[in-house]
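Okay, got some structures for you below.
Shared between the two complexes below is chain A, which pairs with chain B and chain C, respectively.
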Partner chain A sequence: MSAKKILVADDESHILHVVSLKLRNAGFEVVTAADGQEALELAISERPDLLITDYHMPQLSGLELCRKLKQDPITAKIPTIMLTARGYDLDLKDTQDSGILRMLSKPFSPRALLTTVNEVLLEAAA
Partner chain B sequence: MRFGKILSILMIALLGGGALCSIVSIPSAWHTGHWEIGLLGAVLFVTGGAAGLLAITSFRRNCRVLIEAIHRMTTQGTLHLLNTDNHEIRPLVTAVNEMVEAAELCMSEAVLKMKELEIQLKVATSERQHAQAIIYSISDAVLVTDTFDELVLANEAAARTFQFDLDHCRRAPVDQIVKDEKLAELIRDMRQSNSKSGRRIVEHKIKGPGEERIFKVTLSAVADNNDAPAGVVAVLHDMTREKEVAELKNDFVSSVSHELRTPLASIKAYVEMLIDGEADDEKTTREFYEVIQNEANRLSRLIDNILNISRIESGLVQINKQPQSLTIILKEALEVIAPQARLKQITLVEQLTPVFYQTSADRDMLYQAVLNLLSNAVKYTPERGIITVQTAVDEAKRKVIARISDTGVGIPPKDLPFVFDKFYRAESNNHMAKGTGLGLSLVKHIIETVHRGRIFVESHVGKGSCFGFQLDLCD
Partner chain C sequence: MGVPAAVLDNLAARFRSCGLFVVLLHTDGSVAYHDPQAALFFQRYVLPLLQYGDPTEPELRAKLLKVTATSPVTVWNNFPGVILATAPCVQRRQLCGVLALAGRAGVFNHAEEILRVCSRLGLDGAWLHQQAEELAAYGEEDIQRQARLMLGTFKDQLSLGSLEGEMNSLSGHLADAYEELSLVYQISSGMRINRPAHDFFKQACLEALEVMGVQGMGVALHGENIHHQEPVLYGPLSLPPDSVHRLAEQLIPVLCRHKGPLLINDLANDKEFNWLAKHVRQLMAVPLQREEVILGCLFTLGKISGDFDSQDSKLLNSIGNESAIYLENAMLFDDAHGLMMGLLHSLTSAVDAKDAYTCGHSERVAVLARQLALEAGMSEAFAERVYMTGLLHDVGKIGVPEFVLQKTGRLTPEEFEQMKKHPEIGARILSDIKQISDVIPGVLHHHERYGGQGYPYGLVGEDIPLMGRIICLADSFDAMTSNRTYRKAMPLEVAMTEIRRCSGTQFDPGLTEAFLRIAADKFRELLADHSTRARQLMDSQPSLRCA
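And now, the complex of A and B:
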């Protein structure tokens, strides 16, 4: 089976760098985006198996990005992990119909992220 | 004196004697024809009569004098003792005088009592007016209601908040006055609650003249002298501003937390990656170490910044004003900002006046302000832009003016009035740079509050901004 493709969206270059390295080292193919708009375009063109996105991004916020993806049948089924640095958790009802399966708050551990990625992909395959 | 008595006795004697003689003599005179006895009797009788008439006239004259004296007292409204030489009417005069004395005593007691009551009334009125004046001048709205939930007292602030006429509100039902069912209910409940010394504090929103405001309502039940419930006092304190400030503080804390977490997150992530051996080669390892160090430094600077701002604004930092050369301070700040500018290939242009123009200022604070402005200019100017730093002197007005202009993204007109507000960040420029939104607020504080200068800004979206300030020249 070919390597799973993961799209990572975050406006912070450090996060992008760390996450990409971790996932690539773990055998995934990684595509990166630095803002919400770029992420949307890449999601459509690259058809990733998983989306990891920050909540707070310029152009389009993580939540808006997920909602837009849900609306398009091509991207509607992409499972999403959301990273958030806000002091509070997003409301459950905000995330219900957005495809967000997991939320990780920053600072997060790359280890934990990898575990979550594997979990989500397993669930999606089942 | 004696004369009266003698006259009286004589009169009685003569009258009596005369009468007797006449009565006795007339029949004998009739019989004997001796008219002399009868005549004597008649003479005696007449004399007695005359004497009596005299006595009566004298008595009546004295009485008249007395009556006139009494009448005078009545019309003049004054009481005074009467005098008489006449012993006839003396007992009467004495009696009248006693009465006058008693009446005078009564009156003076009554006058004293009245004066006392007048003073008490004055004091009570004055106290009541004072209490009312105090209530009227309280800046919080005060409503006092009675046992029927009718308005007894209200002040200016209440009239303004609830928009009613202070002169025509007495005894009006309170729910009509406040036009707010929830508030009227609160007052009713307090009155019925039967707790004499109870107090209840509630937050209540009111749609006043303008936008909605939040009030802290303190309700107290009032008891009268017999401990029976006498009504309710409601004091409404406008806490809208306090809530706003609390919210700002909260936002600040969130904002700061966010800012601090970001470099921390990087450090943690890279350290973990190193531990897990994710860095395959020497180059990557070195890169990781550098990132960790940079982020640690960034975190440290951030914390210093935040503490600094906090301390300066709360007035904890000692201000030390000395003659300073603005030109020198600007030159120093430019040197510090130069590396960052170089990274973005931004050109720095200096147009500074001679050094000797000085202003009385706290060097560190002014340096901080200038650095903030320069740092902003670099942040919000894209690559290959130009930042110009100018100073000028107005000798006539004794002012020195500094201008920092950039060819950056500019600030939209709608954001311009708010740029110096704490935490304010122009939404549209969020993508250019990160910040807490505190930098300009600090600059404004330093220039205007600490140094009594003036700060200004001009900006055009897409063209750039010019931030400047004006300070007094040293003599």
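And now, the complex of A and C:
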């Protein structure tokens, strides 16, 4: 089985580095995007198995990105983990039809993120 | 010190597209790297020449290897059919070999010599010629220029590679820092003051165990306080319980002396803790300390990979500091809470002491009312406030003359007026204690009736505060089932019937339902249990005994 591909979108490069390192070390293939628009394009061209996205991003916010992905049948089924600044948790009802399965507050534990990724991939496979 | 393979692969790929061949020779002459995808001309003909030299010119290869870190780019046209440029391969100011760039010579002559080398290498001369024809030809100046370019590219690639390495290592450290930050955050958000200590420490230890990558993490508390617990160890490491005790007893005095983290990476060679070496290799411990007073310690055993380092001890120290703050606060909270509850009980005893017949009444009402609140679906926290209200509901009787309280016959209208003042007197007595302002409505309104016939305000239905309605039920039930100055106790079943009859007129119908749901047996148990405890308390403290 080939490695699962994960798209990580965040405008803060240190988050991209930390998350990519953790995921690559765990055997995932990682594609990164520095804003919402780039993430949208990569989601269509790369067809990732999972999306990890920040909420606050230039061009296109994480939530707008998820909504756009949901509208396109090619990307509608990509399960998503959203990263938010602590204290800015989204209202769950806003995320209901956006494909967001989990939310993690920054600063998150990279270990917990990896566990969440594995859980979400298992759920998506089921 | 090897040059990273990725750097060489990258370099080789760039020059391959120009028909050039990249080789790295060790200074001892062996080939450290060559472009694995190079054209056959290079693989079969040039590589062996570089590897073994040209037997007709044995000096050539030796000269080629005589480079220093500062040698310039040198061009060699003495290999038949080949043009070669060499440059020192320098990494971090250390010479680590000779970088060679080979191309097909501009004039593919020296036919005889080429054939001679071919026959020695077992190659067909015509075939080699054909292979060579497919490659671009290079002159001396061209190859020199390309070699300089190669050197520049090599340096850039090296620094990119080392930047990438640094970036990965920084990201790794950052990931660790995130991990620690989120651990400390988790622990501090678990620092609710009324949380039992064992619960707090269990969570802290289990989370730290994962983040620190250790086999065991434990806590030992020191000194007498209500949070005192046996030393515990969490994690996959199993130590006999008496070893955990022994460790805890030994650690406290050591940490008192040490005044800081204790870090032992080689237990076998430690004078004090070598007995642990048969279980585990490393030990680290920090005191839980507030203002010089040691409240206990946190300890961790067995780092899963490597040894404990300063980062581990810093992290354990932060967890220790946070835990000590929690512990100190929890102790202060318990002190304050204990003091307040003690004072409230004294106040209640003062009332009960005035009226022998109602001895224990306040405590019983408190217990019943708490049970009722829980049965009616209210929160634990609210039920605790209800309990407190029950304790205090009759405090106002302090202001009612004793002869009225203790009168055996019927009260005259004037006496009854005096009696009716006790809810308001109680509310006034308690009004200065702002921490219990929420119990005052219960005290003030526990004689209101659901139908509006009660006192002091004659409130109706839901206008009567919930606390008041709850206390009213518990108070009436206890009054019916206890002996009073003016009548004997009612049997339990009769009291239950009476309660049901008065639902809606005297009592809140919803609460009455809940009250009747609690089986009569349960009340009996509850009361029996309470009166045993009350009796024990009285026996141990004669001053509390009712007259």
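Basically, the second predicted complex is superposed on the first by the 125 of 126 C-alpha atoms of A that agree within 3 Å, B and C clash if a C-alpha of one lies under 4 Å from a C-alpha of the other, contacts with A are read in each partner's own complex, and residues count from 1 in each chain.
Just so it is clear, a residue touches a chain if its C-beta (ideal position, glycine included) is under 8 Å from a C-beta of that chain, and two chains touch if they have at least 3 such contacts.
Keep in mind that this is a model prediction, so the values were computed, not measured.
Asker: Sharing chain A, do chain B and chain C clash or fit in the superposition?
Answerer: clash
Asker: Spot which of chain B and chain C makes contact with more residues of chain A, would you?
Answerer: Here the partner covering more residues of chain A is B.
Asker: May I ask you to decide whether A:12 touches chain B, chain C, both, or neither, giving the answer as first, second, both or neither?
Answerer: Only chain B; A:12 stays clear of chain C.
Asker: Should A:47 be classified as contacting the first partner (chain B), the second (chain C), both, or neither?
Answerer: Neither partner.
Asker: Return first, second, both or neither, reflecting whether A:58 touches chain B, chain C, both chains, or no partner chain.
Answerer: After superposing on A, A:58 lies in contact with chain B but is clear of chain C.
Asker: Once the structures are superposed on A, label A:107 by its partner contacts, choosing first (chain B), second (chain C), both or neither.
Answerer: In the superposed model, A:107 contacts both chain B and chain C.
Asker: Contacts for A:77 in the overlay, against chain B (first) and chain C (second): which applies, first, second, both or neither?
Answerer: neither
Asker: In the overlay, answer first, second, both or neither for which of chain B and chain C A:22 touches.
Answerer: both
Asker: For chain C, which of the listed stretches 171-179, 279-287, 333-341 or 441-449 runs into chain B?
Answerer: Comparing the options 171-179, 279-287, 333-341 or 441-449, the clashing one for chain C against chain B is 171-179.
Asker: So which positions on chain A get touched by both chain B and chain C?
Answerer: In chain A, residues 14, 18, 21-22, 86, 107-111 are touched by chain B and also by chain C.
Asker: Mind listing the chain A positions that touch chain B in their complex?
Answerer: Chain A residues touching chain B: 12, 14-15, 18, 21-22, 25, 35, 58-59, 85-87, 106-111.
Asker: Per the contact definition, I'd like the list of chain A residues that touch chain C in the complex.
Answerer: Chain A residues touching chain C: 14, 17-18, 20-22, 86, 107-112.
Asker: Touching residues of chain C toward chain A in the complex: what are they?
Answerer: 167-168, 170-172, 174-175, 178-179, 181-183, 185, 210-211
Asker: Which bits of chain B are touching chain A when the two form their complex?
Answerer: Residue positions touching the partner: 254, 257-258, 261-262, 264-266, 268-270, 272-273, 276, 278, 280, 284, 291, 295, 430-431.
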